[in-house]
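Below: one structure in structure tokens.
Letters A, B, C and D mark the chains as written, and numbering starts fresh at 1 in each.
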Amino acid sequence: MSSVGTFSLGASEGSSEKIVINVSGVKHETHKSTLMTLPGSRLAKLVDTEKPPSEFFFDRNPEVFAHVLQYYRSGKLHCPTNLCGLLLEEEFAFWGVSDTDVEPCCWATFRQNKDTVEALAQIKHLVEPGQNDQSSNSRAWQQKIWALFDNPYSSITAKVIAIISLFFILLSITAFSLQTEHIYLSQSHQLWTGNSSKNFAETFPVKSLDMVEIVCSIWFMIEFVMRAVSCPSKCRFFMNVMNIVDLLALFPLFFRWCSSMYCCKMMGFLHIMRCIRVFRIFKLMQHVFGVRVLNHALRASATTLCTVPLVLFICTLIFGTMIYYAEVDSNDFHFINIPSCFWWAVVTLTTVGYGDMIPISGQGKLVGFLCAMVGVLLIVLPVPIIVNNFIKFSSLVKTKYSMPRKKEKNSVDAVLSSSA
Amino acid sequence: MSSVGTFSLGASEGSSEKIVINVSGVKHETHKSTLMTLPGSRLAKLVDTEKPPSEFFFDRNPEVFAHVLQYYRSGKLHCPTNLCGLLLEEEFAFWGVSDTDVEPCCWATFRQNKDTVEALAQIKHLVEPGQNDQSSNSRAWQQKIWALFDNPYSSITAKVIAIISLFFILLSITAFSLQTEHIYLSQSHQLWTGNSSKNFAETFPVKSLDMVEIVCSIWFMIEFVMRAVSCPSKCRFFMNVMNIVDLLALFPLFFRWCSSMYCCKMMGFLHIMRCIRVFRIFKLMQHVFGVRVLNHALRASATTLCTVPLVLFICTLIFGTMIYYAEVDSNDFHFINIPSCFWWAVVTLTTVGYGDMIPISGQGKLVGFLCAMVGVLLIVLPVPIIVNNFIKFSSLVKTKYSMPRKKEKNSVDAVLSSSA
Amino acid sequence: MSSVGTFSLGASEGSSEKIVINVSGVKHETHKSTLMTLPGSRLAKLVDTEKPPSEFFFDRNPEVFAHVLQYYRSGKLHCPTNLCGLLLEEEFAFWGVSDTDVEPCCWATFRQNKDTVEALAQIKHLVEPGQNDQSSNSRAWQQKIWALFDNPYSSITAKVIAIISLFFILLSITAFSLQTEHIYLSQSHQLWTGNSSKNFAETFPVKSLDMVEIVCSIWFMIEFVMRAVSCPSKCRFFMNVMNIVDLLALFPLFFRWCSSMYCCKMMGFLHIMRCIRVFRIFKLMQHVFGVRVLNHALRASATTLCTVPLVLFICTLIFGTMIYYAEVDSNDFHFINIPSCFWWAVVTLTTVGYGDMIPISGQGKLVGFLCAMVGVLLIVLPVPIIVNNFIKFSSLVKTKYSMPRKKEKNSVDAVLSSSA
Amino acid sequence: MSSVGTFSLGASEGSSEKIVINVSGVKHETHKSTLMTLPGSRLAKLVDTEKPPSEFFFDRNPEVFAHVLQYYRSGKLHCPTNLCGLLLEEEFAFWGVSDTDVEPCCWATFRQNKDTVEALAQIKHLVEPGQNDQSSNSRAWQQKIWALFDNPYSSITAKVIAIISLFFILLSITAFSLQTEHIYLSQSHQLWTGNSSKNFAETFPVKSLDMVEIVCSIWFMIEFVMRAVSCPSKCRFFMNVMNIVDLLALFPLFFRWCSSMYCCKMMGFLHIMRCIRVFRIFKLMQHVFGVRVLNHALRASATTLCTVPLVLFICTLIFGTMIYYAEVDSNDFHFINIPSCFWWAVVTLTTVGYGDMIPISGQGKLVGFLCAMVGVLLIVLPVPIIVNNFIKFSSLVKTKYSMPRKKEKNSVDAVLSSSA
């Protein structure tokens, strides 16, 4: 290359020795003075001698080095968007450039893939549920029974057990809801007519419903005991909310014999106990995939999502107070105190609008107008919060499924350990 | 190029022979040891001789090769986002690098365009409907009649027939809904007044509505027979839900003569038969484009969307039970049994709020507050699920429309066959 | 460069003459046979001689040429995502490569920027309204009056006129809505009490409201005449919906004197005329910016958005029919005919739920449950359709505003003319 | 490099002297005539001599220069999407190319990162609240007290004070809402029964509630005084809406002693004063993070969001007028005047549907159908507006949190100052 007629520009004349840096075949030329702008870095140390060689060879990524060299020139570390952030991180580390020097404008780009990898590691249990629950120190029969009752996809017997369990849950809830009708009827009947002549006729269905309930309870007890005994980690088993619900839902069975005597007294306590039974229905959701994605998205947006009840609560207070003072002078006997006004505010804000309390006066209707309008906006508030996370999780789950298995484990671990 | 004063770094000294790989004019330099890190690959085989030549020439994509070479250096295969995944796949195959070696962070990028091509192939029938229905083995007159009755865009006559058909559908439904009024009136009239003196006056409109219904039914019968006879594939014709609805909707016509005798007896059966007629309205949707995109988006999100009724069902159970126990002690005669409480829960959760059942007690209103709030969140749940898929489909359809026709066929097939 | 020990691969031996294509300093090397794969293109023609020169120089974009060369090699034209589609289009045209050869996977990328430019051209009138309305052949005083009455941002007088106009619109609507009360009252009063003794007391406010209305009407007439006279294009003026509304809203003023005589007869016709007056309120929206963006987004999604009423209509038919047959045997006197059932279906599907018609029987409540659930999903349907377009338009408008003015015009025109 | 057999193309023959521009090792070759197309630029000036040197060396970014050179060739300045806009801006400035020459198609890409940096600067106070409030000229004890009462995260004592304050807010509101019940009861009691015998029994809770209110008010007064005294900027303190609410909410305490005498007279004024107290609940929201993000997103979309009430207002006017004329002839005594029809329109448009006013006639139900349908679409309108901004802000906040601290300050300032 002839240097005849060469025109050079861009550096102070004092140290304008040209240095060639051959990175994997791509020859970058720059001035020595440029490389000296970052004194602590690898290149600065190399050229900081009396007579540096005119060419350096590095077997590294030439495309990333172009950006590193630009950092030497301009003092600003911008990242290209077409290269993976993890690759940039590795190369930056080699050239002695700190991650924290990345400009704010390019930071999101730089972090993006690292975040993706971390998020993929987090949703691992979502895609392969129950895999990590089995610790190796439990015995073989324990593991077999645990798989039988906990993972319906493990075998055909497990699937049959899951379907039986589901059948008993639905049967139990049906019996439970039909039963209440009779309890109420017999109670109110005695209250009103005073006699119990019709009691005999109603005894039969009540008895049969009792029978169904006892059978269901026995099944649930067996299932609970089996799961409790075979569970690899007793501690985590009793920390699980679903298992506590299972246990509490069994209580009415034990209290049955005693409660028949002094039925009316413990009514309140038993009501709550019976109420718990209906939460068993949550089991139904455990094995539906869509619910799991949604559940994850909802949990991720929980901190932001909890603002919705808060805003609703505050709006209830404000509109409840406003409607009270707006209707206090009219002859409307609905808005007699602020707590009942809160009920009106809730019913209007959620746009349910039962119609049991309706403002009559002009200013009351104005408050009603404002309240309904705010309500419409309130309904819309949680949309972006969930949309955001749901779309993110959906694409992550899709990526996870389409990804080949073999490399996954070690590379994710490597990223996580390097970021720790 | 003078090698005087050259400084080299980045590989162990033992095998630091520099090798030049000229890929279509771009000269990549690396050490022999670097290429040996992936023993089975094309380059490793080439250099694994006693005296490899100092320069290799390949007429391949130089930009992709830079990333392949980086894989040799760092052991991690990152993909650039600016190159098409299908191009990368092809080049990776040439260099003997497996797709499954792509890092998790870059997997989504790598797959993106392949997914797009596959999705484009799937929505083909959406953009060009009815094209693939015509098999070649049916006779010419069959094809003509089929086009006449099934594809309104095939000719002007076909369009006229479609409009006549639409007119008869709307006429049939109008007649049907007006008729019920008279059936009810005459029934209730006889029930209440006991005489049938006014029957004569009402006979006239009933008769004329009957006339209209018979004319409509005859048209539908003709249309059905024509379509059934001319359909290229009889099997697919009778598997189609719309055609079965058509057939069932014709039943009341056949039963008309018999039913006039023992009208009251078969009422229940006829009611269901008549009910089916209204489903003919779905035909109205078939040729609206927006509906087809929406329909596709809804189907794609069906598995996730089915969680909404499930969640609604579970919330109904839980809030129905809660309101029952909350209101059991108050003098409210609405919440007398749990099944009717379920009705309240549904009406409140969907924010319809008829106002026929309203909690009175304090704890009942608290349950109502919770129920309405959960309802507001429930309404919002399906939004992200549909948003996600709708946006995806809309952009796909837009791409499909703007795309030139000629290349489409073979390239999509090529991708699909290579991925199979 | 020594060719000793050079290893060459990737083309058939027959015509493996290496050819160097120097594109603006970047030297691409390839085989002659590779260039011959696309016979009609510029490069194929150049090398298709007995003795082609060993090096070609082109002063074109080297990065795009790399992709063109890849097309020669693999027969597939992939586009890089980091380069602008318009740049690619220009370079492809130079190299004799057709746009239609772009692969389906890269088509969306290739079209993206062209679509953006076209969309920017379309929203021009959105950002700079009224600019193109002024044709040059109208006289100066016409343009001045037109600007005065039509563009409130043109001068301070224009702003004052706009505010006066707004004030008269609000006054007119207030007078109009207050007046109806008195019309009704006097009507019903005469109907009930038979006398008209109280009429005198009510005459005063009615008179003053009449006065207000006449004053408003005169203002609107003046405004209408001024705008009609000064409008540069008479044809477009009378095609505008808002101007027709203005004209029709003036009719009641003309009919006032006659109508006082045979008031009751033309009541129906006058009602509709008066009704039109309220549409003047749309003028209020013309100058709010957010409304214009929303309006544009709504119009762009109109074809898809019209499916919502269609789906609602179909659901009304189906659920109306279902509830009729579900409740036909119960003693509920609300669901007496199908048309009134349609009303129930609409009220439930939109989750308004007035509570005037409520299913009583079990199967009726089941239908109500389904109807309310479908209603909740229906509410959600239009969300993605509008979201999609609104986000697109918002970003376009933002881009338009931040863009420098000078270059805009000619470059957009150039793109549009080249695409035509 | 042999120039034998070299073929050159792409420039007019007159000035086809090749010029080599070596930008940091990458050699770009072009014709002199190409560089002369932009006369004022740096390169045009350099080559505009009789005998320009054949090679120029610049120590600048070679990748960006390729795009600058393309601008010389084609006259259009397209930007690559993989490079940061700020880097492009810097390099363009060096080469004498104006930002405003960027093509419309690439403008959004070019501006993107600059917008990000500006938006990051704006949300600074969101992530680190209260940091900039402390000016340096206030004394040490002032700063301590200010931190104690205003920033709950500054110390444990501050956290305790915040919790006490929250407790008093909730206590005050509870006392306030319970109190109204008694005021009303005693008022109505006296009104109805005429005597005040039961007054004694109710005096006790009223007295104790009064006591609670006084204690709360004293706490709020102390808190207000402390904050007012210690606030670094008195001016900004009294401009803050929350502080004015605090002050106004203290007024009822001062009026208490006087108001006990002529209670009934100032009732109206006191009602408003008491009403203000409930706004204290907004303090509860100040320290919830999600609310702050939402608040910011809502504020950013305020201009567009204000179209929703406007559209609702216009729809109310139109449907109110329509239902009046639709129901004017039926015997429905609800729709007696247009203002009450507006109430019906609001209740239906927001889908609240109290059921106090229901159309009876056919055309009235049709208007109701349209109104409910428009209402459903209206609910959906604000979704895209908020979604858009919420997603943008969420990602910005996430970026801000993950970003290293040190570089942030100066680089943001640099960008802002350069853009000013």
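One rule holds for everything that comes next: a residue touches a chain if its C-beta (ideal position, glycine included) is under 8 Å from a C-beta of that chain, and two chains touch if they have at least 3 such contacts.
Predicted model, so just to flag it, every value in this text is computed and none were measured.
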(message) Along the graph of touching chains, what's the shortest path length in steps from subunit B to subunit D?
(response) 1
(request) Let me have the rounded angstrom distance from the C-alpha centre of subunit A over to the C-alpha centre of subunit B, please. (result) 26
(request) Spell out, as numbers or ranges, the residues of subunit B touching 2 or more other chains. (result) 81-83, 351-355, 379-380, 383, 387
(request) Based on the touch definition given at the start, go ahead and assign the chain network to line, ring, star, complete or other. (result) complete
(message) Help me check something: in the complex, which residues belonging to subunit B touch subunit D?
(response) 81-82, 351-355, 383
(message) List the residues on subunit B that touch subunit A in their complex, please.
(response) 2-11, 18, 20-21, 26-31, 34, 66, 69-70, 73-74, 76, 78-83, 99-108, 111, 115, 303-307, 310-311, 314, 317-318, 320-322, 324-325, 328, 336-339, 342, 348, 351-355, 358, 362, 365, 368-369, 372-373, 375-377, 379-381, 383-385, 387-388
(message) Applying the document's contact rule, which stretches of subunit D touch subunit A when the two form their complex?
(response) 22, 24-25, 46, 53-63, 81-87, 90, 113-114, 116-117, 120, 173, 176-178, 180-181, 184-185, 188, 271-272, 274-275, 278-279, 281-282, 284-285, 288-291, 293-294, 297, 308-309, 312, 343, 346-347, 350-356, 378-380, 382-383, 386-387, 390-391, 394-395, 399, 402-404, 406-408, 411-412, 415
